[in-house]
Amino acid sequence: MLENEVCYEATLDHDFLDEIYSLPGGEEIKRCIQCGSCSGSCPQACQMDHAPRKIFSLIRAGFRDEVLESNTIWLCSSCYTCAVRCPKEIKITDVMYALKRLAIKEGKARKGRKAAVLSKNFVKMVNKYGRNHETELMTRYILEAELFNALHFVPQGMRLMMNGRLPVMPHKIKNLDQLRKIINKVEELGEI
Amino acid sequence: MKYTYYPGCSVTATANLYQESIDTVAPSLGIELEELDDWNCCGATAYMSVRELMSFAISARNLAMAEKFHRDLVTPCSACYLVLNKTNHYFNDYPDMRSKIGKALEAGGLSYSGNVRVRHILDVIVNDVDMEKISSQVTRDLKELRVAPYYGCQIVRPEMGFDDPDEPESMDRLIETLGAETVDYSMKTKCCGASLMGTEEKMALALCRDLLMDAQKKGAHCIVTLCPLCQMNLDIYQPKVNSLFKTDFKIPVIYITQLIGIALGASPAELGMKRLGVKVSGEMKRIIEGA
Amino acid sequence: MTFEPKIVGFLCNWCSYTGADLAGTSRIKYSPNIRSIRVMCSGRIEPTFIVKALYEGADGVLIAGCHPGDCHYQEGNYKALRRYRMLRMILPGFGIEPERVRLEWVAASEGERFANVVDEFTDQIRDLGPLKVRDSLERILSEDAIPELEEAMEESGDANEA
Amino acid sequence: MRFRSWKKLWKKAVTPMKLKTGIYWGAGCGGCDVAVLDVHEKILLVAEKMELLFWPIAMDFKYEDVEKMEDGEFDIVMYNGAIRNSENEEIAKLLRKKSKTMVALGACAHLGGLIAMANFHTRESLLNRVYLETESTDNPDSVIPAEKWKKGEEELELPAFHSTVKTLDQVVDVDYYIPGCPPVPDQIVSALVQVWEGKLPGKGSVIGAGERTLCDECPREKEEKSITEFKRPVDAIPEPEKCLLEQGFLCLGPVTREGCGARCIKTNVPCRGCYGPLEEVNDQGLRMLSALASVLEPKEEKAIDELISQLPDPLRTFYRFSAAASILRRKKV
Amino acid sequence: MAVRIGVYICHCGTNIAGKVDIDEVVEFARGLENVSLVKDYKFMCSDPGQALLQKDVEDGLIDRVVVASCSPLMHENTFRKATERGGLNPYLFTMANIREQCSWVHLDGAETTDKAKDLIAAAVRRAFLLEPLTKREVPINPRTLVIGGGIAGIQAALDLAEAGKQVVLVEREPSIGGHMAKFDKTFPTLDCSACILTPRMVSVGQHPNIELMTYSEIEEVGGYVGNFNVTVRKKARYVDEQLCNGCGACWEKCPGTRVPRKGNVHEKLSLGPTTSIYMPFMQAVPAIPVIDAQTCLYLKDDQHKCGLCAKECERDAINYDMEDESVEFEVGNIIIASGFQTFDPSVIKRYGYDRLDNVITALQFEIMNCASGSTGGKIQKADGSEPEAIGIVHCVGSRDENYHEYCSRVCCMYSLKYSHLIKEKTNAEVYQFYIDMRCFGKGYEEFYDRLLTEDVRFVRGKVAEVTDVAMNEAEEGKLIVRVEDTLLGSVRRIPLDMVILSTGLEAHHSLKDVANKCNVSVGSDGFIIEKHPKLGPVATATDGVFLAGACQSPKDIPDTVAQASAASSAVLSMITREKIEIEAATAEVNEDKCSGCKLCNTLCPYLAVKFDEEKGVSVVNEALCKGCGTCVAGCPSGAISAKHFEDRQIFAEIEGIFSGLEYKTVSKPKG
């Protein structure tokens, strides 16, 4: 829709801006002046479908799907460079997180499938043990997302293993029950 | 000086060499770290990508447990440092978050009032420890060693207040205190790709390449870092960078606490040096061992 | 007959009184229930004025000043705001609904707004009903009252003479 | 306001005859009577100048005896306590009739005093609370005292419990006021001296106190004020040298007449306002509210509300002693 | 004697009479206490209407006047004057507004008449308690103080001096001229800055009506409009202004270095000599050098090593023992024209200022480009070579929440100016990195248009960073600007030889202090707050203190000069009045009641309430008070009263409104 076509207002989602704006961390987004300081600063900008600045203009115009389906949000490495430089103090990185969550929730994370798989498994690890278990995490990730590419991960794994940096057994925290109660309570309260 | 210590998951696994060196040097610096009992994963950046409130809630469990000690909470991991601080920020500045997190903690029999100060171990070393005390303990002459301090992202950004987000200098100062020479290069706060290494490897490798290249060009013998993820990307993936970009980097990437240990005369074994992917060799080896 | 409240307005000279005048020059009609008193600045308005008006018979009191940032005397309106917020806190203790006192910012150009505010406020007070503080006070006191001494003594059988 | 030493004043006192004096106790705690006793050895000197005819707390003298007196026979009557019930009021009227000078002694007679905080309640709720609801009440039959009580032959009449606490001057004409809860003994003496020296100010004046507010005699350092938080003395210990208000402790000194010697302030406790406001001030509570609100720091409605919500019970703090003398006087029903 | 109030009810044609039953109201007014006379008339404001009340006053029939007619904002003054003409104090008059706030806004009916009655009753009660007030006038000292000798101060001082008025011009630097003296060319006309400025500077230096005090600072300002007392500290310049003739012999031999050398260039660009004794720039006024005591070999320590300049000076003008000196004088008005300073970009670390050679500020570029500057007007890199590509980075420190939120207004234009100047002098490519191009003045858009044809490369985007890390051959040894070209949507890396940071304008570091001393406030942006953004842009909330130039907000030279002339004409209008009437309805502290609690001390917007330490009470300076009454409502002792708006007067009005009800309260007059 974005390319080579007239964009009809009726096809846009004009509540999108307010939706993001009302999330914690999104409170400054309406003030973006499209200066491009964020895109200029972003180490991943060139690989992104839309560099951060454009994400904000898309949000403003109501291009909901374009934003949520873009690879942009999955290429953000949380370096926060954009956020500290933004002249309007927009918490760009936090907005990226919000978009990631929205994309996962709505099943629009196609381009971020791998990252989403990694993240989801990470959550599983933490919920299961209370801590991350990197060996299991990587194994699960490879099985789920990179099965055909598995060999690719071997050299690094080996290098870690040989230097005694990959634990075999997970560490379970003692009061896992407490952690689960907290998690369940959040589930019950609902996200913000 | 006594602190509550939050190691973070990586330090117990892929970054165990970091922990080893911390254990070795902390006593000499007069830093007493008491590990927070039964701490859990802070959620890192991954958890936050799936569930926000939940990630803050589990992260706050640690803060709640730490609060009763009335001491600063110290972590060596930049990601933990960021996440715990961010939890504090969202907890303290967004009333809705605060009340929900509060309720969740309550379900676990905990409560938190938002008053734990979370600090990175670098902050503690450069700001709480007397620099002269460190320099007086230096036994190895590192004057010829050219060290490229690599700060990475999450210790200085978003602005945490103990150093400049664009031009941090606390580690530079520390390196000089240890008698080594800092290499002034522009990439010291540029991103290494972080967790993208898992999902978008090529992109992350390119970032590592730029970084290694700049450090090498400016004549660095080694890169010093303070984040498990940075260290892994630059160290374990260095061969991959070489094969992909036809480069020939052999730059050891060590932790700042390892460098401190070296300067103070600790043995490589005590510092976990043998666990490095890219081993110390050449000029650096000569300087360290020759001294 | 429906109850017609009496409302006292305290208006600052520069914005609100001028705004009220503008409603006049523009011939905008509004309820005749308000009687305004002009002061130079909303910062001059003391809580005693408001309470005094309620005591004397007002069913509602409107305070109006320049919008924040526009005060002719820079910050008088902020002082008015703070006094107003505090006064609202204690009025219920005297059995008076805080809604009977209202603070509004009315600019010199807001004649229509002034008229609307008065209409709205009048309706609101009309719904609340009459206040009649003094009525209430006098009624209560008369229940308490004992006859003047002389009468009392006479009634009790001229104790003096005994 | 500086007072001359009472001794010097004493020597100059030249009233030929002893003043016929009465002291009466209305609805009060008895503190004012004790304050009169607290003049200690000076009470003897008082006795030299005054003939105490009537003082129920200290001597036997019946109401009938008063009733028998000539109108205006008392040179001076000092009435302490507020008007709470019909007896208080009746006797106030009687004493007024029998005295040349009527003095309201103490905060209760002057302003209603502490007990006038009852005016924020109705008579019914007060009686219910006291006789039925308090935690320590044991009243299985839910008896509330009646004004008339009859058992067999015996008939007992209790004074009627008024719905509204009044100041003395709300029921009789008052010539002078001696403020304080309780008044400072020295001040009582110096007020009496004024009486027999015949150096009284205009009718209706406050005597035995200063002409400015307490801040004037308060020894603390005063600076420009900007209040960002409120604290209670239980929350923190005030710095001893600095103005309490500036530290966030709600001190009523600015709206309270001086003369007490800043008793509370000197013990690091904020003034609670017992000496009442100055003459020009119509309503002590509102005046304090206005002054206080003027110097709060925040400007935004939310921040203002947040700050003032830290005030513990503002109504009763502002009107601790002066509810009955305020413009509105009581809760409207 | 009993008070006799006269009530005059106006019909205003049918404006009032059409809605309000005049007869009924007249009847009602007659019944009011203390009213001894009631009249109604068709047009009270007409001459016969005024004569009506004037005569009754003259005849001694009444001693208080109430007119029930239109709004006081309309005719209060008219009737006050009539009252005064009749021989009564004008403050013994008051009005009831039964037109704007009654007949015009309500329907025909009993309510409207009732309201008119209430308003009249209120006015009558108020009139009963009114007190006579005397208007006071203070003379205006015709001398004016101008603080700051930039183009704003120069213009204002000359305007006044030309009109024959005395001016004292105080400048903190050794020479007047301000920023403009550092420029070579000015936008948009590109006229030579020195050519237009120097003659004015000289006129200031020579004008018989201007007393010039350079290298001086304001120490204290007391008093009020028309009568300020000023204390100025003249800093020691170690050169006697009377003796020196500016020959320059001293600095030619001076071994001290104010601006040291680094390689073959100076560490800092400088307009004047880089020695310890120096002239700020060659056209300086006064043309007297000054010794920089920090670097002078004689003055910097007790060794007194050098002393060469004293030997060189044939007129014995050098005086190493000179000390700061205090001067006091009186003026009637003050114009603050102390300008701005530029933003220090070293805090934006990613732009590399202070770290990377050839990253310079706009002001440095101005000096570099100035024919009399240290490079002789040559645009060159730190190593002396000519740059091949220059980038100009807009909005440095401006429009950025991390630094200054506001737009600095002039940097877009001077950046364009630089493009042109660079193109004129070198073969370099020029890049403009901008967020928005703000060219709104007369001839500005045309200037932009012209630059578009001069092959300047425009890139819309805020520069992310300036780095020296080369990614390819072409970038080797260059400064690289990384920026998103937002119009293309792609990130660009542009290799350059020189980067000019268009630093914004910010309030001068001394401005807050000057403002404090002059009793005016600065806003959150640091600039002085004008009286009204539209209608009082040259005045301040304090009478007698005016503003000109960039101390009010960033502005360019045309706006600065316009404002300076406006300020001087505002001052002239004050001076020609000779006297100024001071508000009579002011606040007043009853010293017998004030406890010195200081609660009121922060309340007055004009700082009119001050604490008198000696008496231990607060006092209102009536010359400063404007009668808002804020302090009155704040005083817990009731020690402050608002003349003409006293508590009891307002209480009486309230009682009046309700006097129709069964119960009545009557406030008593004072005493």
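Residue numbering begins at 1 within each chain, and the chains themselves are lettered A, B, C, D and E in the order written.
Assume contacts are C-beta pairs under 8 Å (C-beta built on N, C-alpha and C of every residue); 3 or more make two chains touch, one makes a residue touch a chain.
As the structure is a prediction and not an experimental result, all values here were calculated from the model.
*Asks:* So which chains are sitting against chain B and chain C at once?
*Replies:* Correct list: E.
*Asks:* Of the chain pairs B-E and D-E, which one is connected by the greater count of C-beta contacts?
*Replies:* Of B-E and D-E, more C-beta pairs in contact link D-E.
*Asks:* Between chain D and chain E, what distance separates the C-alpha centroids? Give it in angstrom.
*Replies:* Their C-alpha centroids are separated by 53 Å.
*Asks:* Using mean C-alpha positions as chain centres, tell me how far chain A is from chain B in Å, no decimals.
*Replies:* 22
*Asks:* From the mean C-alpha coordinate of chain C to that of chain D, what's the distance rounded to whole Å?
*Replies:* Distance between chain centres, rounded to whole Å: 29 Å.
*Asks:* Measure off the straight-line distance from the CA centroid of chain A to the CA centroid of chain D, and report it in whole Å.
*Replies:* 69
*Asks:* If a residue has to touch 2 or more other chains to count, which residues of chain E qualify?
*Replies:* 350, 465, 603, 630, 633-634, 647, 651
*Asks:* Two or more other chains in contact with one residue: find those residues in chain A.
*Replies:* Chain A, residues with two or more chain partners: not present.
*Asks:* Spell out, as numbers or ranges, the residues of chain D touching 2 or more other chains.
*Replies:* Chain D, residues with two or more chain partners: 282, 287, 290, 294.
*Asks:* Return all touching chain pairs.
*Replies:* After working through each pair, the chains in contact turn out to be A-B, A-E, B-E, C-D, C-E, D-E.
*Asks:* Using the touch rule from the top, collect the residues of chain B that touch chain E in their complex.
*Replies:* It comes out as residues 164, 166-167, 185-187, 210, 214.
*Asks:* In the complex of these two chains, what residues of chain D are touching chain C?
*Replies:* It comes out as residues 64, 67-68, 86, 89-90, 93-94, 96-97, 120, 160, 162-164, 166, 282-283, 285-287, 289-290, 292-294, 296, 298-299, 301, 304-305, 308, 311, 314-316, 318, 327-333.
*Asks:* State the interface residues of chain A toward chain B in the complex, per the touch definition above.
*Replies:* Within the complex, chain A contacts chain B at residues 24-25, 43-44, 47, 74-75, 77-81, 83-84, 91, 93, 97-98, 100-101, 104, 114-116, 118-120, 122-123, 125-126, 130-135, 138, 141, 145, 152, 155-156, 159-160, 163-167, 171, 173-175, 178-179, 181-187, 189, 191-192.
*Asks:* For the complex, which residues does chain C have touching chain E?
*Replies:* The contact residues of chain C facing chain E are 4, 6, 8, 13, 17-18, 20-21, 23-25, 27-33, 35-41, 43-46, 48-49, 52-53, 56-58, 72-76, 79, 83, 115, 134, 138.
*Asks:* What residues of chain E sit close enough to touch chain B in their complex?
*Replies:* Residue positions touching the partner: 348-350, 355, 465, 467-469, 471.
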